[in-house]
Amino acid sequence: MRSDEIAAHARRFFPDTFSARDEATVIVERERLLDALAWLRDEPELQMGFLSSLTSTDHPGSDPRFWVAYELRSMPLRHRIRVKVGLREDDPHVPSVTPLFPTANWFEREVFDLFGVVFDGHPDLTRILMPEDWEGHPLRRDEELGGVNTRYRGAFIPPVDTRGMA
Amino acid sequence: MPVERLDGVHLGTTPEEIEEEVERGVLLTSLDRAVGWARKQSMWPATFGLACCAIEMMSAGAGKYDLSRWGMELFRGSPRQADLMIVAGRVSQKMAPVLRRIYDQMPEPKWVISMGVCASAGGMFTNYAIVQGVDTIVPVDVYVPGCPPKPEMLMHGILTLHEKVRTSETFR
Amino acid sequence: MRGGHDMDAARDELRGAGVAAEADLRDDLTGEVRQETMIINMGPQHPSTHGVLRLLLELDGETVVRCKPIIGYLHTGIEKNTEYRTWMQGVTFVTRADYLSPFFNELGYCLAVERLLGIEAPERAQVIRVLVCELNRIASHLVYLATGGMELGAVSVMLYGFREREIVLDIFEAITGLRMNHAYIRIGGVIMDLPDDGPRMIRDMLEVLPGRIDEYETLLSKNPIWLERNVGVGHLTAAQCLALGVTGPPLRSAGVTADLRKDQPYSGYETYDFEVPVRTDADAYARYVIRLQEMRQSLRIVEQALERLDHVGGPVMVDDPKVAWPAKLSVGPDGIGNDEAYLAHIMEQSMEALIHHFKMVTQGVEVPPGEVYQGVESPRGELGYYVVSEGEHRPHRVKIRDPSFVNLQAIPTMVEGSLVADAIAAIASLDPVMGGVDR
C-alpha cells in the first residue's frame, strides 16, 4: 500500500495520522500506545508485525519535550508506518512494548540510557552503552558534547559545541 | 691523573680502574645490544583490536603485508604472554579500565603502540564517550597517525619501535 | 543479572560461604556431590569474541545455562557528534559506525537526507553507488569468512579471506583514495567519478574472484570439521527471528525471504537482475552457505553495473548549487584533494566562486524540517537511518538502526543450552560488528 492509503486506513481509529515524504505517521497518546501497536499488527490490511527501530528525539523548550518514535514494518506486505508518542519533560514515562515486540528490549534500554525516558514494565531497565555509574543522559540536547579543549601552535580551539557556525 | 670519560661514564683514576670500567662498559654495551636485538626480533603483540584500526592491523598480519617477517604474526590471546600492546581503535570510557588492567597484566618489558588517531588523541570523536588519547591511561612508545593507518604505516611504526628497543640502554 | 557488579557479588558470596561450602558439597539425603554452576566472564578482550563484546556465561560444566551479553565498550557518541556538524560532515562520522560496511552507512544517511531535501542523485551516481556497495558486501563477507574461520580454528581461511579482500580494497583505494571509511557517497551523489583505470581493475577482479570463491567452497563446504562445528549450531526459528528483530542472513537462513533490495528497493536496485539466497535449516552452516551465495550474486550485480557505466554518462553530483559539494576533487598522493585547476579558479579568477565555495564548505546545505526513516540492506541486515531535521544547517537527530545491535539480542536464545564452543560458532554466524552495535 502507498503511504497515503496506509494513513487513510489508520486515520479511522487514530485521528492524528498524516503522510509525508512517502511515509505514514500515527501520533498517539501513551495510554493508547499498546493498543495502537497491537491494532497495527493485527489489522489484515496493514500487518505491521515487525518493529524495526525505536528511538527518541529531544526538543528542549517545546511541549512535549521528548518524542518516542516506533518504526514498524510489514514483512509480507512490504510497507512501513511510524508511531510517535509525545512525552512531557516532567513526566517522561511510557509503557514498555516488550510484551508485544521482544526486540524492543535493548532499544528501550538505549533510550533510557541516552535520554532518560523511563519505560514502565521493562524487565531490566539499566544502562546499556554508558558505564553503569555514569551520571546524566548524554544525548539530551542540554548535555554538552564533552571531550577536551584543543591547543594547536599557540591557538586555542574551543570544544565543538561552543563553536558557532559561520 | 686526568679522569677519562667514555660515553659519559666516569672511569676512575688508576689505569686498572679505567681498564675495568672500559671492560664493564664494553660488556654491558654488548649485553645491551644483544638483549635489544633479541627483544625486537620476536616481539609478540597482545590482541587489543577495538574498531576499524583492528581490521587494518589484521590486514597487516595477513598475507599481503606480512608481519611474520619480523616474527610478529602470532597475536597472543593472553596478555601474560605478550610484550607489545597495539591499541588499535577508539577507547571508550567503559573500555578504559579494561585497557589499564590488560596493560598491568603484561609482564615487563612491555611496549605500547598507539595505532590510529583515535587511540593517539581521541581522533575525530572529541566527545563525552571517547578517551582523548590513551597516553592518559598507559605510557605510549610510538604513535601511529591515520584514520585508519594503512598497514604500511603500522609497519613503519613497528619498525620505529624496533629501532627504539634495539638501541635502548637497559643495563648501563 | 545486572551489569559488572555480579561478578564481584558472586565471588563475595562464594568467599563468605567458603568453609561452609566445602562441608555441604555433599547432599544431605543422597550423599552425592552437588555441582554448582560457574559464572565465567568472556571478553571484552578475547581473541574469539567478535570485537569488544563481553559475555557473562553461567556454565554447568561445558554447557551454557545462562548467557548475558554486555555491550557498550565501543560507544563512540557518533549520533551526538552529528548534531554538532554540518550535514555533509555527518557522512564522515556515520561511515565509521559499522566499519566493515562503510559505504552502506553513507548510502543510508545520504538517501535519508536526499529524501528530506526532495532531490535524487543523478543516474550515473546511482549506478556507482550500487557498484561500490556490492563490492563492499563482498569485502564484508570475506571478513566474515576470515574471522569466523579463525575463531573456529581454521587459520588458513583467515589468510585467504584477507588476500581476496586486498583485491577489493585496492579497487576502493583507486576509486576513493582510502581503503576503509571512505566518505565517498555524499548528499546529492558521489564525490567524484571513477578513475580511468577503475573499470579495468574491476574487470580483472571479476575474472579472479569467482575462482577464489570456488576455492572456499572446496575447502570448507564438505569439510567434516566445518560441518561438525556449524551444522545444527545457533538455531533460530523464523518466529524467534521476527520477534527478536533479527534481519539479514540469519533471518534468510530461517526461510523468510526478506531483503530490502527487493522489498523496498532504493537507488535503482529494482532494475538489476539478481537473486536472494534463502535456506530453511536456520543454523550456522546455512548462514555460511547464504553468505557465499550472496558473494556470487554481488559479483553479478557488479558486472551489470559496470556494463551500465559504459553507456550512462553525465554528472555524478546533483546540479543544485545549494546542495552540491562545490569543489572539484582528484585523487592525490595522500587521498582525495582539490583539483589544481579548480583551486586556480576560485583563488585567482572568480570572487563569487570563492564565496560560494566558502559558504558551502563551512555551512553546507540547509535541509527543510521533517523526519525520514531510510532502510538499506547491509551485509548484516536492515541498516536504518532515522534522520530528523529542524530546518538548520546541522541535523537535529540522526539515529542509526544498526542490524548488529538488534541481532546480538538473539544471542541468549541461540546459545543457552549449548556448549561454549558452539556459542562462539553461533556468534560468528551472526557476523556482528561492534562498531555498529555501540556506535
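Letters are used for the chains, namely A, B and C, taken in the order the chains are written, and counting of residues starts over at 1 for each.
Please note the rule applied: contacts are C-beta pairs under 8 Å (C-beta built on N, C-alpha and C of every residue); 3 or more make two chains touch, one makes a residue touch a chain.
Since the model is a prediction, treat every value here as computed from it, not as a measurement.
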> Of all chains present, which has the mean Cα position farthest from that of subunit A?
Replying inline: B
>> Report the chain ID whose CA centroid sits closest to the centroid of the full protein CA set.
In response: C
> Could you state the distance in Å from the CA-based centre of subunit A to that of subunit B?
Replying inline: 46
> Rounded to the nearest whole Å, what is the centre-to-centre distance of subunit B and subunit C, using the mean of the C-alpha atoms as each centre?
Replying inline: 32
> Using the average of all C-alpha atoms in each chain as its centre, how far is it in Å between subunit A and subunit C?
Replying inline: 22
>> Could you pull out the residues of subunit B that touch at least 2 other chains?
In response: 93-94, 125, 127-130
> When you check subunit C against every other chain, which residues touch at least two of them?
Replying inline: 72, 75, 77, 80-81, 438
>> Residues touching two or more other chains, restricted to subunit A: which are they?
In response: 130-131, 138, 145-146, 160
> Which part of subunit B faces subunit A closely enough to touch in the complex?
Replying inline: 93-94, 122, 125-130, 132
>> Can you tell me which positions in subunit C touch subunit A when the two form their complex?
In response: 2-5, 71-72, 75, 77, 79-81, 83-86, 115-116, 118, 242-245, 256, 258, 263-264, 358-359, 362-363, 370-373, 375, 382, 384, 386, 388, 393-394, 396-397, 399, 401, 405-406, 408-409, 438-439
>> Which stretch or stretches of subunit B touch subunit C in the complex?
In response: 47-52, 54-56, 58-59, 62-64, 75, 77, 79, 89-90, 92-95, 98, 102, 124-125, 127-130, 147-148, 150
>> Show me the residue ranges of subunit A that touch subunit B in the complex, using the header's touch definition.
In response: 130-131, 134, 138, 143-148, 150, 159-160
> Okay, in this complex, where on subunit C does subunit B touch?
Replying inline: 44-47, 51-52, 72-78, 80-81, 92-93, 96, 99-100, 143, 146-147, 158-159, 162-163, 165-166, 169, 179-181, 434-435, 438
